[in-house]
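Structures follow.
You will see two complexes here that share chain A, one where it goes with chain B and one where it goes with chain C.
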Partner chain A sequence: MLYLSKTDRLKLLAFAAVVLLMPIWLTPLGAAYPGLMQKFAIYAIFAIGFNILFGLTGYLSFGHAAFLGVGSYTAVWSFKLLTMDILPAMIFAVIVSGIFALVIGFFSLRRTGIYFSILTLAFAQMCYSLAYSVLTPITNGETGLLLTRNDPRIIDTALGAAHVGAEGLPSPTFLGIAMSGYSGFYLCAVLLILAFFIAQKIFASPFGLALRGIKSNQTRMIYTGFNTKPYTLAAFVISGMFAGLAGGLLAVTDPIAGAERMRWTESGNIVLMTILGGVGTLIGPVIGAWVIEYFENIFSAINKNILNQTFDFLPDGLQNVIVTVASKFVGEGWHLTLGLLFVFIVVFLPGGLVEGWQKLMARFRGKGREKK
Partner chain B sequence: MTRLLMNRRGLLRTMGAGAAATMASPMFFTRGAWANEFCNSPEKSGKIIFGFNVPQTGSYAEEGLEQLKAYELAIKHINEGGGMLDTLKPLSLKGNGVLGKKVEFVSGDTQTNTDAARDGARRMIERDGAIMVTGSVTSGEAIAVQSLCQEKGVIYMAGLTHSNDTTGKDKRRYGFRHFFNAYQSGVAIAPHLASAYGKDRRAYHLTADYTWGWTQEESIKAATEALGWETVATVRTPLGLGDYSQYLTPVLNSGADVLILNHYGHDMVNSLPQAVQFGLRDRQANGKDFQIVVPMFSELMAVGAGEAVKGIIGTSNWHWALEDAGTQAFTKAYGEAYGVPPSQAAHTGYVQAILYADAVERAGSFYPPEVIKALEGHEFDGVGIGPTLYRDSDHQCFKDVLVVQGNDNPSSKFDVLNVIGKATRDEVTYDPSIFGGELGPYEPNQC
Partner chain C sequence: MSTTPNIVLHAADVFKNFGGLRALSDIDLQIEEGKTHAIIGPNGAGKSTLLNVIIGRIPPTSGAVIFDGTVLTGKAPHEINQLGISRVFQTPEIFADLSVLHNVMAPAFARRDGAFRLSMFRTTAREDEIRAEAEHLLQDFGMWERRNDHAGALSRGDKRRLELCMCLIQHPRLLLLDEPTAGMSRHDTNTTIDLLKKIKSRGMTKVIIEHDMHVVFSLADKISVLAQGRIIAQGLPEDIRVNPDVKKAYLGGHTE
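Here is the complex of A and B:
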C-alpha cells in the first residue's frame, strides 16, 4: 500500500525537504512567517486535491471553494461545540465536505464540459449565498464565524480540560500543543506531504489510469464497456475532501470561518493556481498555489516607501521614474501583475510553470549533448 | 499494491531528514523569562513599526485609500510634529517620534474581506514586527482583526467601524475604537427625524447584510420606534450589490413612507441614487412626502451619490468643516499634503494613530498592558468634535455625534454635507452592559 516507484520516492523525499525547509528558503523572499507558510501548505493541499479532479479527469470544477468553506465552518463548529482539539475538527471537516461533494458531484457530473463547470459554479454560488445571508445563524454571515469564550465545548467541559490560553480565547490544540505559529505550519506541512503522497499513489494507480482515460476520450471508454460514472464521482469526492481538509486547516491555524472563502473568486483562484503551475502534473498545482499566495500576500504589501528604499541606489530622477512605474504593479496593483503573469503563462507556456521548467531543462540538456 | 517497501532504513532516513529540518528551522519558541516580554517589542528590535491594514481594493477601497493617506500623515506628524500634535490636550508626544525614536510603517490591502484582513494583520505582526495594527473600513474586518490581535498580544486601533459589536459583544482588551457606533447614530438622529418628518411614519429598512448593517438596523429601528414610527419591513441586501431594483420595487407597495438605507460605501453610492431614480422621493405615501434616510454617511459617499444626496439626513463621526482647532489643524495639513479635504475615515485613522503614540509616550513603555491602561479612561480634547473619553469598560470613545444633511446648494465639490445638529456626549452615552461581551485579559500572548 505504501509502495512507490523509485522516482516517485525520490520526488516525495525532495518534496518533503522543500516543504519542511520553507522557513529557511523563504527567508530571502520575505515570506518566512508562519501565517503565510501555513497558507502555502494549505493552498497546496487544496490545489493537489483540485488537480486530482481537473488534472486527471479533465472535469473543470468552478465551485471548489464551496468545499473549502464547508470544511472551515465544520471545523469551527467542532471547536465551538465539541473540543478545541483539532483531530475531530479535521475529521469532521473532511467527512462533511466529502458528503457535500457527493451530493454536488452526483448532480453536476451528469453533464460534461462547460455545463459541468457552470453547474458546479451554480452550486458553489448557492452555498455562498446560503452562508452569506440565509444561514446566518450557522455561519454568522459576512462577519464570519468566531470562537467565543462561552461556547459549550462539550468534550472539553466533560474532561475538565483547561484549554491553552485559559484567560483569553482558547486556541486550537493538537494533543495539548497550540496550533498557531510554527507548530501550526509543521502540522500543515506534514499533511501537505501526506496529501502529495496520496496524489502520487492515485496518479500511479489503475484508478488514476482510468481517470486519465476519461480525460483523453470518455466516449471511447464508455464504448469499451467501462462505466465512467463511479470513477468521476470518486475523483470529485476525493478532491472535495482535500478541499475540506484545506478548509479545516485554515480554521485550525486561524479559528474563523467567513463566507468569502466560498466565493466564486476563490473557486477561480484555485483554477488559476492549477493552470499557472501546470495541469495534470503532480508538483505544478503546488507551485501555482505558492506563486499566487506569494503575490497576494507579499506583492500587495509593497508600498512606495519600500520601493523607494529598494531603488535608493539609483540617481534621483531615475529612481522616481522606476518607483512610479513599479508602484502600479505592487500594492493595490498586485492583481495587475498577477494578470500579466497569467496571460504570459497561458500564451507561451500552456503547460504552466512546470512546462517552462521542462523546456529550460531540455535546452540545457540539449546544449550539453551538443558539446559532447 | 500492498507491499511495504518502506523498510526500516528508509523509514529512519525519512525521519532523520524531517528531524534535521525541524532543528534547522529558526527557534522562535523561546518564551519570555522576564515580565515585560511581549510580541514585537521595539526595545528589542530597535524599530517602531505601525501596521496600516486598510481596504485598497473592493467595495470600501476609496475610504481605505484615504485612510492610508491619513496614516502616512500621522506618521509624519508623530515624527516631525505638526497637525493635531499642536492641538491635542493633554499631549505627551514631543514631535520626535515615540519615546524618542522615529516611527516606521508597513501597509497591506484587506480587499474589503475579513480573510484577507487577517492575513494582512498576521503578516504585519509575524513578519514585519508591527507593534500596533490599525485600520479598517468595515466592521467585519475590524472585528476579525481585533480578535486576531488579542490572540497575538498586539494592540489594534480600529479604523472606521460603526457596528455596535466592535465594542459590544465582540469587544477585546487589545482593541480600541475612536469611531462612533450605530447605537449613538440612532440616539442622535431620532430627534431630527421627528422634527423633520413627524412622529407618525412607517419605515422600510434596506440593510447591508453583515454585522454593521444588523446592529445599525436594530439601533435605528429602536430609536425610531421610540418616536412612534412603525417598522413595515426590514430587508437584508448582500454586500457589494450593484443593482438594487429588485429590492426597491417592493418598497413602493409596502405602505411605507420612509426608506431607511443601512448601506455604506459603494452600496450606498449605488442604492441611494437608484432609490431616487425610482422616483421614491417624488412620491406621496399615506398622505405624506416619501422620505429617504441614510443613518450613517460620509463625504466620500455624498460625493459619490451626487445629486441624490441633497436633503438626505444622516449622522457622521466628524466633518472637515468643523470650527474647532483640532479639525482645522488636520484639515489644513491633509489639504496641503493631498489637495482635498479629508473624509471621516481618514480622520478616525489619523486620530487613532496619534492616540496610540501618545498613550505609549504617557505610559513610557510599549508594554501592551501599560499602553492599554494609559488609553482606558483617558480623557482628551483637540482631535475634533470636543472633549472625548476612551471608556475603560468597552474601549469605546464618547464624544458628540454630528447630524448632517445633504447640501442643497453645494458651493464646491467637497461642500456636500451640512452639519444640522449635534447630539451631546451625555446624550449618546449608554450603559456598556446592554451589549454584553467581555474584554478579556491584559496579559499579552506571545506571538
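Here is the complex of A and C:
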C-alpha cells in the first residue's frame, strides 16, 4: 500500500526537502515568513487535489472554492463546539467537504465539458450566497465566523484543558502545541508532503489509469467495460476532500471563516494555478500555486519607492521612465503581470511551467550531445 | 456430428424505426459459438444499425437481443462488455494520450476488477500478471518495440492492431468487428485479414460487418446478407456467392 517506484521515491524525497527547506530558499526571495509559507503549502494542497480531477479526468470544475469554504467553516465550528485541538477540526473538514463534493459531483457529473463547468460554478455560487446571507446563523454572514471566549468547546471543558494564550481568544493547538508561526508552517508542510504522496499513489494506480482513460477516450472506456460515472465521482470527491483539508488548514492558521473564500474568483484562481504550473503533472500545480501566491503577496507589495531604490544607478531621466512603466506592473497592478504571464504560458507552453522546464532541459541535453 | 450448434447471440424479431424510416425489420439472427459470422450488404442496408442495437448503443423499437441467455436490450454498454462482448470500431478507438502498453493493460483491469474499483493504493507497474499478458500480446502482434510510445503516434494500421489487442486481452466470448478494413489500402487489408485469421485460432466467436467481399470470403464461416433492413439470405459463403437474390441486391459483377 505504501509502495512507490524508485523514481517516485526520489521525487518524494526531493519534494519533501524542497518543502521543509522553504524557510531557507525563500529568504533571498523575501518570502520566508511563516504566514506566507503556510499559504504556499495550503494552496499547493488545494492545487494537487484539483489536479486529480482536472489533470487526470479532464473535467474542469469551476466551483472548487466551495469545498475550501466548507472546510474552513467546519474547522472553525469544531474549534467552537468541540476543542481547539486541530485533529478533529481537520478530520471533520475533510469529511464534510467530501459529503458536499459527493452531492455536488453527483449532479454536476451528469454533464460533461462546458456544461459540467457551469454546473459546478452554479453550485459554488449557491454555496457562496448561502454562506453570505441565507445561513447567517451558521456562517455569521458578512462578518465571518469568529471564535469567542464563550464558545462551549465541550471536549476542552471536559478535560479542563487550559488554552494557550488563555488571556485573549484561544488559538488552535496540536496535542498542546500552539499552531502558530513556524509550528503552523511545519504542520502544513507535512500535510503537503502527505498530499503529494497520495497524488503519486493515485497517478501510479490502475484507478489513476482509468481516470486518464476517461480523459483520453470516454467512448473506448465504456465499450471496454468501465463504468465511468463512479470513477469521475470518486475523483471529484477526492479532490473536494483535498480542498476541504486546505480550507481547514486556512482556519487553523487563522481561525476565521468568511464567505469570500467561496467566491468564484477563488475557484478561478485554482484553475489558473493548475494550468500555469502544468495540468496533469504531479509537480506542476504545486509550482503554479507557489508562483501565484508569490505574485499576490510579494509583487503586490512593491511600490514606487522600492522601484526608485532598485533603479537608482540609472541616469535620472531613464530611471523615471523605467520606474513609471514598471510601477504599472507591480503593487496594485500585479494582476496585469500575472495576466501577461498566463497569456504567455497558454500560448507558448500549453503544458505549463513544467513543460517549459522540460523543453529547457531537452535543449541543454541536446547541446551537450553536439559538443561530444 | 449431429450436435445442435450452441447459439451465443440471438437477435430475435428486431425492428428499428428512425421516425418514419424503417431501418431494420424482422431481423432474426443467430450466431453460433466459435464461428466467424459476416454481415454484408450495400450501403444503407442497416448493418451499422444492427451492430449498434447488439452493442446497446441504440435500443431496438421492438424485439430483443439475447446473449448467452441474458437479454442485452436496455443494458448499458459497459454492462454488455462485462458480459463478454468486445468491439472493434470502424475508426480505431484507442487511448491516444496513453502509452501503447497502458492501452492494452487498461482493458485487462476492467476484465479483472469489474466496472469499477477504487484501486488507488495499488500500483499499475507491479501488476505483473496483467503486464506480462499485455506484453505477450504486443509481441504477438509485432508492437512490443513500441510499447512505451504514445498510442496517438501510431499509424492507422498499428492503431487497428492495438485496438484488437485491447479487445483480445479481455478474452471476450464475442468479438464484434465493424468494417475492420474500411479505408485501407489493399496491402493493409491483406495484413488485417492475416491478423484476423491468426486470432481465429483463439476460438472466440466473431461477428464481422464488412463491405469488402475479398475480406468476407477469406474469413467468414457463415454470411448473412442485409438489404433494406431485412436479411435476404443466410448461409455458407459458397451458397451466398451463387445466390441469385444476393447477386441482384448487392454483389453485381463483383464476384468474379
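Heads up, the rule we're going with is that the second predicted complex is superposed on the first by the 372 of 372 C-alpha atoms of A that agree within 3 Å, B and C clash if a C-alpha of one lies under 4 Å from a C-alpha of the other, contacts with A are read in each partner's own complex, and residues count from 1 in each chain.
Criterion: a residue touches a chain if its C-beta (ideal position, glycine included) is under 8 Å from a C-beta of that chain, and two chains touch if they have at least 3 such contacts.
Note that the structure is predicted; figures quoted are calculated from it, not measured.
> Return the chain, chain B or chain C, that is in touch with more residues of chain A.
Comparing chain B with chain C, the partner touching more chain A residues is B.
> Quick one: classify A:1 as touching chain B (first), chain C (second), both or neither.
both
> Have a look at where A:347 lands relative to chain B and chain C in the superposition and call it first, second, both or neither.
neither
> By the touch definition at the top of the document, which applies to A:175: first (chain B), second (chain C), both, or neither?
In the superposition, A:175 contacts neither chain B nor chain C.
> In the overlay, answer first, second, both or neither for which of chain B and chain C A:215 touches.
second
> Quick check on the superposed pair: does A:234 touch chain B, chain C, both, or neither? Answer first, second, both or neither.
second
> Regarding the shared-chain residue A:254, is it in contact with chain B (first), chain C (second), both, or neither?
In the superposed model, A:254 contacts chain B only, not chain C.
> Where on chain A do the contacts from chain B and from chain C line up?
Common to the two interfaces on chain A: residues 1, 3.
> Can you list the chain A residues touching chain C in their complex?
My answer: residues 1, 3, 5, 201-202, 204-210, 212-213, 215-217, 219-228, 230-231, 234, 238.
> Name, in rising order, each residue of chain C that touches chain A in their complex.
55, 76-78, 81-82, 86-87, 89, 93-98, 102, 105-107, 109-111, 113-127, 166, 170
> Can you name the residues of chain B that touch chain A in the complex?
Residues of chain B touching chain A: 1-6, 10, 14, 17-18, 21-22, 24-26, 28-29, 56-57, 61, 65, 105-109, 113-116, 118-120, 122-123, 125-127, 139-140, 143-144, 147-148, 150-151, 165, 170, 209-211, 214, 236, 238-239, 438, 440-441, 443, 445, 447.
> For chain A, which residues are in contact with chain B within the complex?
1-4, 9, 13, 16-17, 20-21, 23-24, 30-36, 39, 129, 132-133, 136, 141-144, 146, 149, 165, 167-169, 171, 180-182, 186, 254, 256, 258, 260-261, 296-297, 300-301, 303, 305, 331-332, 334-335
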